[in-house]
Amino acid sequence: MTHQPRASFKSPRFAQPATFMRLPHVEDPTGLDVAIVGVPYDGGTSYRTGSRYGPREIRNQSSLIRSYNYFQKVAPFDRFNVADVGDVDPPPVSIEKAYEAIDARIGAIADAGARPIAVGGDHSISLPILRALARRHGPLALVQFDAHIDTWDEYFGGKYFHGTPFRRAIEERLIDGARFIQVGIRGPMYGEDDFDFHREHGITMIDIDQVKDRGIAWTIDEIKRVVTGPAYMTFDIDGVDPAFAPGTGTPEVGGLTSHEAQRLVRGLAGLHLVGGDIVEVSPLYDGPGQITAVLASNLIFEFLCALAR
Amino acid sequence: MTHQPRASFKSPRFAQPATFMRLPHVEDPTGLDVAIVGVPYDGGTSYRTGSRYGPREIRNQSSLIRSYNYFQKVAPFDRFNVADVGDVDPPPVSIEKAYEAIDARIGAIADAGARPIAVGGDHSISLPILRALARRHGPLALVQFDAHIDTWDEYFGGKYFHGTPFRRAIEERLIDGARFIQVGIRGPMYGEDDFDFHREHGITMIDIDQVKDRGIAWTIDEIKRVVTGPAYMTFDIDGVDPAFAPGTGTPEVGGLTSHEAQRLVRGLAGLHLVGGDIVEVSPLYDGPGQITAVLASNLIFEFLCALAR
Amino acid sequence: MTHQPRASFKSPRFAQPATFMRLPHVEDPTGLDVAIVGVPYDGGTSYRTGSRYGPREIRNQSSLIRSYNYFQKVAPFDRFNVADVGDVDPPPVSIEKAYEAIDARIGAIADAGARPIAVGGDHSISLPILRALARRHGPLALVQFDAHIDTWDEYFGGKYFHGTPFRRAIEERLIDGARFIQVGIRGPMYGEDDFDFHREHGITMIDIDQVKDRGIAWTIDEIKRVVTGPAYMTFDIDGVDPAFAPGTGTPEVGGLTSHEAQRLVRGLAGLHLVGGDIVEVSPLYDGPGQITAVLASNLIFEFLCALAR
Amino acid sequence: MTHQPRASFKSPRFAQPATFMRLPHVEDPTGLDVAIVGVPYDGGTSYRTGSRYGPREIRNQSSLIRSYNYFQKVAPFDRFNVADVGDVDPPPVSIEKAYEAIDARIGAIADAGARPIAVGGDHSISLPILRALARRHGPLALVQFDAHIDTWDEYFGGKYFHGTPFRRAIEERLIDGARFIQVGIRGPMYGEDDFDFHREHGITMIDIDQVKDRGIAWTIDEIKRVVTGPAYMTFDIDGVDPAFAPGTGTPEVGGLTSHEAQRLVRGLAGLHLVGGDIVEVSPLYDGPGQITAVLASNLIFEFLCALAR
Amino acid sequence: MTHQPRASFKSPRFAQPATFMRLPHVEDPTGLDVAIVGVPYDGGTSYRTGSRYGPREIRNQSSLIRSYNYFQKVAPFDRFNVADVGDVDPPPVSIEKAYEAIDARIGAIADAGARPIAVGGDHSISLPILRALARRHGPLALVQFDAHIDTWDEYFGGKYFHGTPFRRAIEERLIDGARFIQVGIRGPMYGEDDFDFHREHGITMIDIDQVKDRGIAWTIDEIKRVVTGPAYMTFDIDGVDPAFAPGTGTPEVGGLTSHEAQRLVRGLAGLHLVGGDIVEVSPLYDGPGQITAVLASNLIFEFLCALAR
Amino acid sequence: MTHQPRASFKSPRFAQPATFMRLPHVEDPTGLDVAIVGVPYDGGTSYRTGSRYGPREIRNQSSLIRSYNYFQKVAPFDRFNVADVGDVDPPPVSIEKAYEAIDARIGAIADAGARPIAVGGDHSISLPILRALARRHGPLALVQFDAHIDTWDEYFGGKYFHGTPFRRAIEERLIDGARFIQVGIRGPMYGEDDFDFHREHGITMIDIDQVKDRGIAWTIDEIKRVVTGPAYMTFDIDGVDPAFAPGTGTPEVGGLTSHEAQRLVRGLAGLHLVGGDIVEVSPLYDGPGQITAVLASNLIFEFLCALAR
């Protein structure tokens, strides 16, 4: 393939301007199979901000990624042309203008025939990405790894923030409730009526106790049962326990381990995935080891390898 | 109920002076079912200090708590009047004077008919709390989540510090050895004679290997077998592994996960609990994400919900 | 006076829910001479976010403030009724709605006859505050301590963000260019035409080299020459050098020392000040000592004492 | 035994110059059964540096270690004379000179009849240690806990860095491939040919999925099957998951828990161990709680106790 | 001289167990001219704790000190036998017992003919040190660098805490008010009557504005005018501005710069100094660069050189 | 000019892969007037490592730089073609190989007719840069801002480390002692003979007391007196006080302020500068605000503007 990561035995991992997995930075997605794109927007955040720094820090920490996935037995850069296509430039002060910019850029990537892997930013960015992809692929199946359902209705009277994208996506017919599964849900909620929308639209939810009690293999089976047809993956890093992912804005204790998260993403191989995102990495809340960005880098790599199989 | 947390869709979670779970701050416990009270005393600490900042940081991080417990299926603020009654004002330089202040304040809360949930401070604060509660309820059963036994005898010739409260509590007949269970014990010790006192008083100890090997359900059964009659829960955050709770003064590796800790506290529902505490959260030793205070906030919420069922 | 800070020899400084300077938290401004109000809004930020946590952290660190100003020779709480009136609840996702909330709350404070000291939040909050105060007092004089001029025109096509409040304030006739002085300006700029607006409106700018070369006394004389009639002070903490105030979003090296900042604020005594704000404290960018919030607390205290003389 | 840790009930744990486990610092290894020695060299690091501070921080945090191992039922300081023999003084700028210094010092320790426990430093230090020990004991068996295989060949044309020590050790006949087992291997790799060397030399590798799926007991059985005769243990802290060990230079997510790590080291009791090391603790990448150095301290203690049984 | 710092060109600065300035650690003060002694006690702290870690961190950071003072033109280790005599072991939970331990150890040092430089610890430790030294030398002159006067009377009804040592020292006739000077005083106070005690006892106070306005040379002249006869220096690190010394418990903005602090200590050369201390370094409140401990190390070195001239 | 920084009103400052000052990243220096090049090598460090991360973090923080220098009245990107030419790829484990790589890359930049601004890395990198530039320009004048003289002879028997580059440069006739000036020197030293080399070669040294006492204008006059002909500037960030630049490896208290540093670099306008470097920024030792990298970014900008005038 044309694009290869910089060789770490010739250029030290800590050298050179940081790009995703030390891949070339190319602005034009033409000819790419997969385009990794930053979406540094966090204006939809209701609690701790800072995921606008997610793309830069994940670029930094993804320098550790090597080119072969031993567990998936795949060398993705030999199968795919992959590049860092830079960031969307979302205006920070207006969520509507940010949505326009994201939709336009993801649309251009999809139009060029590349599958986007978006690196957030907060979870509100998934909505304009789904708009762009559903325009091309029709209503999508969705697998969401998350502590939170993110199907609430409004926030201070507004329709858009990081707690509402998937209700909007259902309403706008971007995703199909019957092909939508949420994994890892937990934490205090507002009430049982939080799930009225789920029942109405046939959304499947697997809470954390189910994951822990029934296991990863069962969970993957459930995902494969629900997620059919063209599909999108959204991975909110707060699906993982704060011990493994402290750098996030709305931490919920009692979550997935990093090993469980890796295996879940590996389990997506074989689905018809048209894109994905990883969101809510907020580097300021991490420690100096930046283990959350390291984890996100690895989950992107697992996802890329799942695409490649 | 009169007291409700501030609504997060009208007042952002990060706004307003921080109180426990965004509840009203009322100094008078009259009319409360449960009084959450800070006890910012760390003068009994033998290693790393700083748990005097526990109450303030847990107030901060508990802003994330919502009002419904999905796993326990209970909305505690609909069943109980709960408030933040502020802090005890313990003189920092004298443990004897601090004990007097704690005993007096907890006594007043209990006299008002409210069950106290105390937020430490170091583990030495449990002794004056038990004094106040045993005065009202008689000798109590005790469930202790902890890495350490805290039944040592003396420290530099003194009777009071954070390693001795439960020996003193047995000696003062505040708790009953046969109804006392310790969960999660581990770490290097001084010798096998550390457990002489246990044998003498019939204290039950479940070490971390037993928890890991036999499981949470078995552990809860053991707790329910031992803890009968009026009971108190004390949760030393160092019972949890430092990966999940780095912000503490005497970390011991190889401990509970946050998910195990949540399930253990949930398992207390049905006991006759007259109060509880969570201690040894030392925010300076946490990272910027303050995941230890987030965990403590959730454990307080689980405990409150267990009381409410 | 009715309201006094909690006595630190009876309640330790680290105890109790944190309020500004350990003052009572009262929601109703009636009867107050000065109302300290948090404005946790940072949606107008173009670079590093996080000043939404300014009010809470400044509450925390202001616990160190005592009641007598030795250098100003004034005990402000003996002259004024001062309280923490809590925070404005600005919707985080919409700057327009946030502006409405801020304007309404500051208006209510002013209507109650209290002078507001607002604690930001980012610098965009000064505009709705000035709207509320100018409605009551007419066009105001303004003294701005800052590294940046904050009189740019637009950002991504929008009129409101933290770089434009004072251009808008001039345009809306909330402040009077001839009575407007900026102190401490420095840092790379966009071009000489950044100052066209200054020339057009007669704004006085004192850059950092003038402060350093001519001294604090000269600077105060200049302020007093320009600032006549009802006046407002806005203190952007990035006016101070990052060594003394690292916890901010747009740091500019080569700034004021903390001692210079204190003396400048002290020098405002005698002006006809109807309110003021301190903005852009972003605690996540500070170290564990939180020296920026400590500095902000002291500048609020100096400002309060300047009001009291 | 002559040497005992300072008694923590007479000298607070935070007092006195820090030595390993509060043991005496003696430069001369004569008469010791076990010599704990720092090797603060990190010049062989390809990514994040800083393990040169490992020995000092582990000394600091090992103050928490007490003298009795409840799980192993052994009091090592009653069976062994153990001391902190200080650090090797490796020149930081030259790996060749550093290797000479390490080899000489470990050789002297072994010649005095003491078994060395070396505290790194990066993983490149294992090679000169093995040189010194194999000179005395002949080719050794090796048990390696690690995320990485560390049997690569060259780095920028050089033979020595922290990714090559065990290839060199095989080549130099210091260790025996058939008696060499690696545990915990994971992370992205360069390709399947990374394992050619394993096949050629009969090295046994247990990857992390095998550990998770088959369990600790099975893993210990495998270790005991492979590791026969005089043996050395090398524990790269990155074998543990970054949640439990964030303070390291080449973090790989999805690793061992601290409890698994403790049990694995405990499982070495009964082997004929002539020494061991723990490496790659890089304190700057840890948080203020320094949980990685706390874990390393406990693993050293477990290893010491395994030696003592 | 017998004792020399470890040579940094033979043993790297980061190697070996940390001692003050890489000097030998000798427990017996016999034969020493100057004994540097840690006093890790912070139980007298009213706000932020943690100075119990001062001695260990200052040992760590003092590794940077070299052996020649270019500005004072003196090589102190050629003139004096200096060593690290370890720490006092103060019981953490009782200030009275801690005072006994400190008094005894300093007394032993003085009896051995060595001048002590004590490294705190909080400011309460100065009282037992002065007791030990006044017993030998009679009432002492005192030069105090500090933001706070530390001559308050009581705290929660107790006589001893870090705000009272010098009132007690006057009352116990350990120091002489007329030969007592305080430099750098600032910050909010309780009232003008804070200074009644000064007037009564003839204490000289130089506030920070006087230092800034009149200069360092004038300040040194004042010190030399007041401080006659056997004298003691106490340097509270919070005398320095938090920008230069963030790692402290009671920070006051607007303080000395590090350069001013160095020159002030240098200016003590020629006084008849019988000892000194540096206190209130609290490493947890510093950043990872630990610049406060670096500064403290340099001030100890300047003081040592001033003694040596 | 062809190359312009990304416009911050169209692309947010925190967006896109980070390059120096948001300039284009071009690998080929042809056509450039100034080439900013990272040199991430820290293998010459004797104390704290980590300056290998200097280039990446300075890229990050330099996003704040705007395009016009108000104090120098120059818009450098209108006068010069400037770009980020990426990093040298120095092998981390061998200083000799690293020197070859640096020399080759700087030579290629100079051969292309561009002036290099190198961003370290530790101070050892200045030697191969000077080799490359002296080959082209002949022996250079040198202005060095630094706390340390860096003209020592050997370290553990080696000729190359970060304390020796300028002795080597004199010996190799790359620079001319009579045209070499050092500014800001301070800190403990080894002895008066540290300056023998200075006297022998006519090197001018201005210590920090001279800077503070005689002022910046005098210092600039001295620089201009000494530095004639083709000249190089080397700025070790530890020349600045640790309060303003904590993120460095060998901090020395009592240094330059950031404002003094800016003025000194501005004062170089008019010299015949053929290149420069800024070294020893070690981001791990900075706080989360990364004020050291912010300062370095500004000093690079000041230097660039001085070149442009």
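The first chain written gets the first letter, and so on, giving A, B, C, D, E and F; residue counts start at 1 in each chain.
One rule holds for everything that comes next: a contact is a pair of C-beta atoms (placed from the backbone, for glycine too) under 8 Å apart; a residue touches a chain by one contact, two chains touch by 3 or more.
This one's a predicted model, so the numbers in the text were calculated from it and none came from an experiment.
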item: Other chains in touch with both subunit C and subunit F; value: A, E
item: Number of hops, subunit C to subunit D, where each hop joins two touching chains; value: 2
item: Equivalent interface to C-F, taken from B-E, C-E or D-E so that over half of the residue contact pairs match; value: C-E
item: Separation of subunit A from subunit D, taking each centre as the mean of its C-alpha atoms, in whole Å; value: 37
item: Intercentroid distance (Cα basis), subunit E paired with subunit A, Å; value: 54
item: Geometric centre distance via CA averages, subunit F-subunit D, whole Å; value: 39
item: Per-residue overlap in subunit B, given as positions that touch at least 2 other chains; value: 10, 12, 14, 46, 52, 91-92, 155-156, 241, 243-244, 284-285, 287-288
item: Topology of the chain contact graph, where touching chains are joined (line, ring, star, complete, other); value: other
item: Pairs of chains, among all present, that meet the touch criterion; value: A-B, A-C, A-D, A-F, B-C, B-D, B-E, C-E, C-F, D-E, D-F, E-F
item: Touching residues on subunit F, where the partner in the complex is subunit E; value: 46-48, 154-156, 186-192, 194, 207-209, 212, 241-244, 246-248, 250-255, 284-287
item: Touch list for subunit E against partner subunit D, complex; value: 10-12, 14-19, 25, 38, 40, 52-53, 55-56, 59-60, 84, 86-92, 284, 288
item: Subunit C residues within the subunit E interface of the complex; value: 8-10, 12-14, 63-71, 73, 75, 241, 243-244, 257-259, 262, 287-289, 291, 294-295, 298, 301
item: Residue ranges of subunit D in contact with subunit F within the complex; value: 42-46, 49-50, 52, 91-95, 97, 155-158, 160-161, 284-285
